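Have a look at the structure that comes next, please.
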Amino acid sequence: MMTEEQVEKAETLGKSLISNGVSRRTFLKFCSTVASAMALPPAAAQAMAEKLSQATRQSVIWLSFQECTGCTESITRSHKPTLESLIFDFISLDYHHTLQAASGEAAEHAREEAQKAHKGKYILIVDGAIPVKDDGVYSTIAGITNLQMLKDVAKDAMAIVSVGTCAAFGGLPKASPNPTGAVAVSDIIKDKPIINIPGCPPIPVVMTGVLAHVLTFGIPELDIHGRPMAFFGESIHDRCYRRPFYDKGQFAKAFDDEGARKGWCLYEVGCKGPVTYNACATVKWNNGTSFPIQSGHGCIGCSEPDFWDKGSFYKALPQGQWGSAEGIAAAAAAGAALGIGAAALAKVHQNKGEG
Amino acid sequence: MTLLDFARGPALEWSLIILVAGTFLRIVGTLLLRGKKDLSKPKVKSTAGGAIRTVFNRMWPRPHFAQQISFPLMMAYIMHIGLFVVVFLYGPHIMFIKDLTGLSWGALPSSLIYFSGAAIVATMIALMIRRLTNPVLRMISTFGDYSSWLVTLLPVVTGMMAVSHLGARYETMLALHLLSVELLFIWFPFSKLVHAIFTIPSRAHLGATFERRGVKI
Amino acid sequence: MIDMNVFQQFREGIQQMGQMEPEVTLSDEERVTNAKKIFLKKIDRVLATDMESCIHCGHCATACHFAVSTNDPKYTPIRKLDLLKRFYRRELSPLRWMHKLYTRDITLQDLEDWQELIYDSCTECARCAQVCPMGINIASGVNVMREAMAEAELVPVELAMVEKEQCNNKSVFGYGVDEFAQTVEHLRSEGIEVHVDKPRADVFMLTAVIDGLLFNDALIGTIKILNHMGLDWTLSSSNFEAANFGLLSGYEVGQKAASDGIIQKALDLGAKTVLVPECGHAYPALRWDGPNEFGQELPFEILTVSEFVGREVDAGRLKLKKIEGGMHATMHDPCKIARHGGVMEEPRLALDAMGVDLTETPSNREMNWCCGGGAGVFLINRASDLRQKAFSIKIDEVNKTGADTIVVSCGSCRLNFLGGAMQANWQKDIKSFVALVADNLA
């Protein structure tokens, strides 16, 4: 990771990279990777490289609310500095209470300064859901509720990036019974462009790729859930390397059966790949090493709204997501009782007709 | 709650409740109606054999009618067998049934299921064309015939679209498929689709009536 | 043996009845209410199951002689039950709360519109029940429809008049107690031993107006057989009539009165067997409906004459000789006796015993095509074209056998065959089964 000093010295991203020993060839490769991942035309990689290397520092305020810091961990936990981390270092992260050195009043002061200095220009990144029950008292920073802080900071933001499923859709804090009344950023802020980068956590390159796009070409095309189409346009299932097994009808029936060992499709053991939109199957994790299905576990659908409340992760998609069959048994009894009643009334009707 | 969550959750539960309650209401409410003891002397000791025989032998027409009804009969057979195959022998459907009932059995290869699905659609279209062009059928057809046809066809079409990733996104198609099945569940007890059950007592009654008179039908 | 002049007179008499005005004594509202009362009373779980089961496949149209011969979809059998179905749905179905929202109530106009479907174009032959994949007994539903029609004063005028005559005067076509007595006198004058009003008898023989007036051969044949077997039998001077126009018209009170009279007489006689003449509907009227109308199980058996003959031949109690010169014939199974009565093999046994070379029509026994005149349709003048079209199927069937003789064991079938053959200029020998048997007693 670059030191504060190094970052301060770099005026543009290009210079910053060179000073860190990253070759232009490596940088171009990154740009073309991002461009192809985002399905941009080939020429866009070159344009992105030009624009990025000349981009000046972008002020970013990162607000963390009801979250687990997993999203931050996802971006920062690397064995060595990566291009992704460099880009994150390059931006002017004016406030991030996990990463910043300052704390307490000084930290809040830095946020207020940045809000003033870059009014209307800064990007607001949010991770974590916002509790709104009881006026949002369930999560506060420096005595300010998350709800209030989000509203304050969002007011002068250029755009908002909701990082992680909690910020994008409410995530785990919102999961039933949702004691804090947690909601997503988009439930509160209605007048700013919001880019959702869900995932629990999101893929690092997806975050940097989206930021690169915002810096160079502006806000990318989004799907119905506000997610960039480039990374969330296709389902895990559509790009899964196990898809041929699905098409052939070869399914693992259990995690330790012959099919599982042969690497067959995990649809029947609950994989949510067909209804989950993310780049895991193409970009993968840990520098492209693997992703859950490759390591033998079905997708749990973490980049989809309310993924925690859709029944068991191990319940297959065609199965219903509801508790017990008691209602059905009761329905049979009720139906039979109604039938007996209907027939009895019909007989009364017939007897009266004859009387 | 997404559309799929709705389809997999409350819509499924309530449609099953309506299906079960409605079917019980209709069957019980009909079969418990007034019955009359027949005082005439039967020609046979027991009519049970006739009742059972007619339940089964009505699955195939007498040769006298084979010529006139062979086409619709063949279509109906393909459709019903196709429905059986698709509903009960497709892997994901077996999982669905297993989830509901705890029972499961082996599935057929998906390719056979797709073929059956196509056969159902083709025969149902053929039967509808016949219903729309045959003067007898036009005269006796009601709203219930056309709507039941549609309600039966929709799950097949949406299901085929979902597996082939056509139309909307998969989760939307899957939700629409489930919703169309749920519509079928709700429709079933209140429409002619309930013939799936009534065919048995209805044939049995006829078989018993004629058996009683010494006529084997 | 048949006097064709009498046959012509008979036909003319029926034609005259058709010119009478139907009698209406009730208000429109009462007529509809009365019809509905019948529906309400008659729908039981079997009929209800039928009402619930139809999938509108239309196969019944391929079984019906009226639908097939006219190719007119309005005669599709199941359609004849539409009003019954509507009533059932509105009043007795477990889903009545739902059906009431959109199912129209029955009007007098509806009933009037259905009259032709219920009387003219349905002989309650039940052939449609043989094709229905759901096993719906349409004929029994039509019978309930007839009863409702009768209560709504919508019986075709010919049937209504004959029924009224049978109910009020105890005579049919002017053939009553006195006319029957004359017939008996006539038979006795020809040297035939006729037992009437014996106080007790094993066999209580019935006859039918048509046999008294026209088909004497059938009447005499039956008597000859009984005498030949030396049985203890009798006719009744008051309860001789087996035909039941209450059943045919749908007038249940009349039906019950007619069958109760016979049953009571049989009980009084201590009869073991009631012998129903060659009269199709009379058999189910007494055999299946009789005990239910009377309200108790009966201690005697009820047999139609062909059933009786066949059984006795089979048991070796009745010996028949081979017909001289042989005979190539086909057989017409009357719907009410074969499909509704289960009497199919018995007459064939007897024909076989007489050495008849029997060629079956392509559709026979429980699959037989109705002649087109059953269930009183032969009386309805307005239905004559329809009847003749339906009869054309029968002509085809018989022609396919190559036989010149048709053996029939039902008076109204025989009447319809005679009329139809005459109209179609079709030369066939139409023979009474029982007369044929009586001619070949050994």
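Should a chain be cited, it is by its letter among A, B and C, assigned in written order, with residues numbered from 1 in that chain.
The criterion applied here is as follows: a residue touches a chain if its C-beta (ideal position, glycine included) is under 8 Å from a C-beta of that chain, and two chains touch if they have at least 3 such contacts.
Quick caveat: nothing in here was measured; it's all calculated off a predicted structure.
Among the remaining chains, those touching chain A as well as chain C are B. Closest to the middle of the protein, by Cα centroid, lies chain B.
The leading chain pair by number of C-beta pairs in contact is B-C.
Among the remaining chains, the Cα-based centre furthest from that of chain C is the centre of A. In this assembly, the C-alpha centroid of chain A lies 81 Å from the C-alpha centroid of chain C.
Averaging Cα coordinates per chain places chain B and chain C 38 Å apart.
Chain geometry summary: the mean Cα position of chain A and that of chain B are 44 Å apart.
Each of residues 25-26, 28-34 in chain B touches at least two other chains. Residues of chain C in contact with at least two other chains: 43, 92, 94.
Shown for chain A are the residues in touch with two or more other chains, namely 338-339, 342-343, 346, 350. Chain contact summary for the complex, chain A toward chain B: residues 235, 237-238, 247-249, 251, 267-268, 274-275, 304-306, 309-311, 315-322, 325, 327-328, 330-332, 334-336, 338-340, 342-344, 346-347, 350.
The part of chain B that touches chain C in the complex is made up of residues 25-26, 28-36, 38-41, 43, 54-55, 58, 61-62, 64-65, 68-69, 72, 76, 134-142, 145, 190, 192, 194-195, 198-199, 201-207, 209-210, 213-217.
Interface residues of chain B facing chain A in the complex, by the touch rule stated above, are 1-2, 4-5, 8-10, 12-13, 16-34, 91-93, 95-96, 98-100, 107, 109-111, 165, 169-171, 174. By the touch criterion given at the top, residues 338-339, 342-343, 346, 349-350, 353-354 of chain A touch chain C in their complex.
Looking at the complex, you find that chain C touches chain B at residues 43-46, 48-50, 52-59, 61-63, 67, 73-74, 76, 78-79, 92-95, 98, 129-137, 140, 287-292, 294-298, 301-302, 338-344, 362-363, 366-367.
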